[in-house]
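Take a look at these structures.
Next come two complexes built around chain A: one with chain B, the other with chain C.
Now for the complex of A and B:
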C-alpha cells in the first residue's frame, strides 16, 4: 500500500492538537457518515505480534482476561469474549508442510496466524435477534451494542454464526467489537488497524478494500500461493446463508475450519420458518394420534 | 479437595473494599480511576451497581473525585465497582 498523500503534512512527533480527518494520513481514507467501512485482514501478512489485541484493549479500556497459560501454542487470549474484541489465532499446522514435520522446505512456515474480530455482517443475525434494539447499524455500516439499552437477554449470542458476541458475567450485558465507533466519529482509524505493523489489518471503504483484496489474491496466485482465497467478500465462502457480505473479511490460505471459521455460516432467522413448520406439524401429528386413540374407545 | 470450598463457605462473600481517586477514562460501563499515588486502576460497573454507564462520562469531564466500593474480579486484571459516589478532597 502506498503512503497516503497527506502523511507528509505532519512530520512532527509531538502534536499539540487533534489532526482533522487523521484517517487520511494513517489509512488513506476520509471517514464520512453514509459510507460502508470495514476491515480487510490479510492473514498472509500477520506475524502474530498481538499489537491489535493490545491496541483494542487500550482504546476500549478492556481488562486483561484469561490470566495464565492456555497451553494452546502462543495463544493465551483463547477466544473472542466480552473483554477481548480482537483475538490472534495461532495455528500450528500438523501434517504436510506443517511445523510438526521432520523435514520442511526452506523459508516455508507451518504457522498460520489470523487476527479474528466481529465480522459486522451485512445482514447481521445478532442485530436481527436483538429484541430491545440495543444492537443497531451505525451510519458507517457497522454493528454496535448500545450498553444503556442492552438488557442482557443473550439472544444475540447464539444468533451469531461466528461466536463473536459474548455476555459479560460482571455487568450482564452483551459486548463485541464496535469497529471503534467513537474513533470513526472523530475521524480516526480503528485502533487495531492503526497499530498493525504489517498492514495485515487494513481499514477503509468496503468497495476499495474488496478491490484491494482481489488484487492481493491475484498477486499471491502469481507468486505460487494458489491456495489463497477471500472469506466473506461478496460471492466467496463466508458470505453465505443470506448473510450478504462481511464488512470484516479475510484472505485465507487454508480451509475456514482451520481458522475456527464456519465454512458456510447462515442467518439464524432462516431457520425460524422451518422450525415453526416442524413444531406445528408435530403438534398436528400428536393431535391426530390422540384423536385416533380416543375415538377408538367405546 | 473439599477444604477450599469449606473455607470459602466459612469466610462468606468477598469483602467490599474502597478506593478514592479521579475518573480519568470512561468507555461504556468501564472506567479508569487514578488514585492519590498516581496509580491507575480499571473498574467495570457491576450489574447490581446503582450507577448507569451514562453517569460516568460527566465524572470524567469534571475530573471528579469519587469513592468506589468494589470487589476483585475473578480471572481479570480489574475490579468490579458496586457503587461510585462523589467525595471531597482530604484536608492536607
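Now for the complex of A and C:
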C-alpha cells in the first residue's frame, strides 16, 4: 500500500497544532497560489454514502434545506442549492418495481451514483455575469462569491449553465461551492474530497487530475466498461460552447442528461455582442426612418 | 383519486412505478425531448427575478429611452412645432431614473448594497453595462429636463436652453441603449427561451419600446405631429412583428418552443403579439387611411403600450418555465444547437 511520504511523521491521533501542508498527507498535493486546482469525480467509485454532503455542510456551516423524502431513490437532497454545495445523484436504471437483471455490465451499470458540485468553469458564466465583482477567480483558479460584496441581484443564477448558483432566502446573497477556499489557504484538502471514503472525489492539481482521469478511462475500457468517458475535461462533453474546461470534472458511464448534466452547455457572455449589436443597429435604422417620417411633408 | 390498498390491485396491475431517473436511454431526432431526465427535476435554476417588477422596469426603461430618442428626433426634424412633444418626451424620459431605478433596487435581495452595481464596468455582463447605461441616461435626461423647465421660467438665461438642447443627443444615444440592453441581459443567461434567439429578441424589445414611445408621445396629439408619430408607431410595430416571427421560428428550430405552450406562452402569443402588435397595427392603418381618427389612434396607442408591457412580463415568465422544464433545457443544449464556431471537440 502506498502511503504519502510524510504520513509516518504524524503518528499521533490527537494533535496540538495544525499539520503544515496537510493536503500532502491526505491528497498527495501541496497547495500553492497560482496553480490550478479542481475535483475529479469518478462516478464508478461512488457508493452514495453522502459523506461529501455531510462534510461540506459541517465545514461550511450550511443549514439543512429540507428534511422530507423525495421518493426519488436515495436522493433526498434533490439538487444543488444555496445550502447544499455537494449533491449525490441516485439513478436506478434497472426498474425499481420490475425484476432486476441477474447479470449486469461491470461498474455500476444498473445503479448510478454521482456526487455533483460546482464545476468552477474556466470561462465561468456566473463570474462573467456578476455586475458587482462579488464573484471572482481566486489564486487557486477557482470561482468564489465574496459575501461582503454580493447584493443579491440574482443574475448569476440563470447565467450558470449547470443550475448550481442559488440565492439564499436567509441572507439574500448568492451561494455556491467555494472549493473550500478557506481550507486551501490553510493548506488543507477540501472537506468533501477528504471525507470521500472511496476516493470517488479526488482533489488535486488540474493537470495531474486530467492525466489521472484519462488513465482511469483507459483502464475501465480495458476492463470492459466501454461506455466510460470524461465530462468537462478539455475536448469532452461539458467543455463545449467556449466554456473551456471545467475545473471540477467527472467520469460518467451514461449520457450526461441521465445525471442531470447538459450535454453541450454554452458560455452565456458570447451572446452579449450579437444581441446588443443587433439591437442597437436596429434602433439606428428605426431612428433614421423615424427622422425621415417626422421631417416628411406628411 | 383516492389511495388504493395493494390487496385491491388486480393481478395484472402493477403499483405505480416511481418516475425513473432514466426511462429512455437516448434521445431521438424528434422536436420534443424523448431522452432521459433526472426524475423530471429542473436541470437549470430559473432567474430569481420578480417578473412583475423587472418586467415593469424593462417596459418603463424602454419607454423612457424611446421617448428621449423620439423627442430628440422630433426636435431636429420639426423644430418649434414639436415643442409640446419634446416636453412630453422629457417628462416620459424621467420615468426610468425615478420609478425604473426604484423597481430595480426593490428587486435586489440585498437592496441596501445597490451601489455595488457601480463598483466596476464589465463587458461580459449586460447587467453591469446596463447599470452604466441607466446611470448615464438618468444623468442626461434629468439635466435636460431640469434645464428645459428652468428655461421656461427664466427665459433671460439662454444657456439653460442651450444646456437642455446639448443633453438631447447623449440622452437619445443612451436611450437607444435603454431600449435594447435588457434583451441582451436576458439572452446572456442559460435560460433556454432567452438564450435561443439573442438577436431577434433584441430587435423585438427595441422596436416594441420605440412603438410604445411613439404611442405615448402621440396620445392626445392632433394634427400633423400626431399623424407622423402614428406612422412611426406603425413602422416600429411592423418591425416588432417581423422580429417576433423570426424569434418564433428560432424557438421551433432550437427546440425551446414547448416552453411557450403554457399559460404565459399564450399570454405572449395572444396578448403581446395579437392584442399588442397586430391589433394596434390594424387600428393605426385604418386611422391613418381616414386621415387620423382620434379615437382609433388613442385605442391603438393604448393597445401598443399594454402590449409592450405584456411582452416583457410574458417573456420573463415563459423563460422561467423553459428553465424549469428539463425536456426543454436538454433539447436546447444538444450539440447540434451549438453555433459552429463554439463547437470545440
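Keep in mind that, in the parts below, the second predicted complex is superposed on the first by the 256 of 298 C-alpha atoms of A that agree within 3 Å, B and C clash if a C-alpha of one lies under 4 Å from a C-alpha of the other, contacts with A are read in each partner's own complex, and residues count from 1 in each chain.
Here is the rule we go by: a residue touches a chain if its C-beta (ideal position, glycine included) is under 8 Å from a C-beta of that chain, and two chains touch if they have at least 3 such contacts.
Here the structure is a predicted model, which means the values were calculated and not measured.
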Practice task
In the overlay, work out which of chain B or chain C sits against more residues of chain A.
Solution key: C
Handout entry: Touching partner for A:242 - first (chain B), second (chain C), both, neither
Key = second
Practice task
Could you tell me if A:152 is touching chain B, chain C, both of them or neither one (first, second, both, neither)?
Solution key: both
Exercise for the section: Return first, second, both or neither, reflecting whether A:83 touches chain B, chain C, both chains, or no partner chain. Expected result: first
Exercise for the section: Using the touch definition from the top, say if A:60 reaches chain B (first), chain C (second), both or neither. Expected result: first
Practice task
Determine, under the contact definition given at the top, whether A:128 touches first (chain B), second (chain C), both, or neither.
Solution key: second
Problem - Partner chain(s) touched by A:160 [first = chain B, second = chain C, both, neither] - result: second
Exercise for the section: Mind working out whether A:170 is in touch with chain B, chain C, both or neither, as first, second, both or neither? Expected result: first
Practice task
Pick out the shared contact residues on chain A: the ones touching chain B in one complex and chain C in the other.
Solution key: 152, 171-173
Completion exercise
In the complex, the residues of chain A that touch chain C are 70-73, 75, 78-79, 89-93, 95-98, 112, 125, 128-134, 149-155, 157-167, 171-173, 235, 237, 239-242, 254-255, 257-272, 274-276, 278-280, 282-284, 286-287, 289-291, 293-296, 298
Handout entry: Sites on chain A touched by chain B in the complex
Key = 59-67, 83, 147-148, 152, 168, 170-173
Problem - Complex contacts: residues of chain C adjacent to chain A - result: 14-15, 17-22, 25-27, 35-39, 41-49, 69-70, 73-74, 76-78, 82, 107-111, 113-114, 116-117, 119-120, 122-129, 131, 172, 176-177, 179-181, 183-185, 187-191, 194-195, 198-203, 205-207, 210, 214, 224, 227-229, 231-232, 235-236, 239, 243, 319, 323, 326, 329-330, 333-335, 337-338, 342-345
Practice task
Going by the contact rule at the top, pick out the chain B residues touching chain A in the complex.
Solution key: 25-32, 42, 44-47, 52-54, 73, 75-78, 80
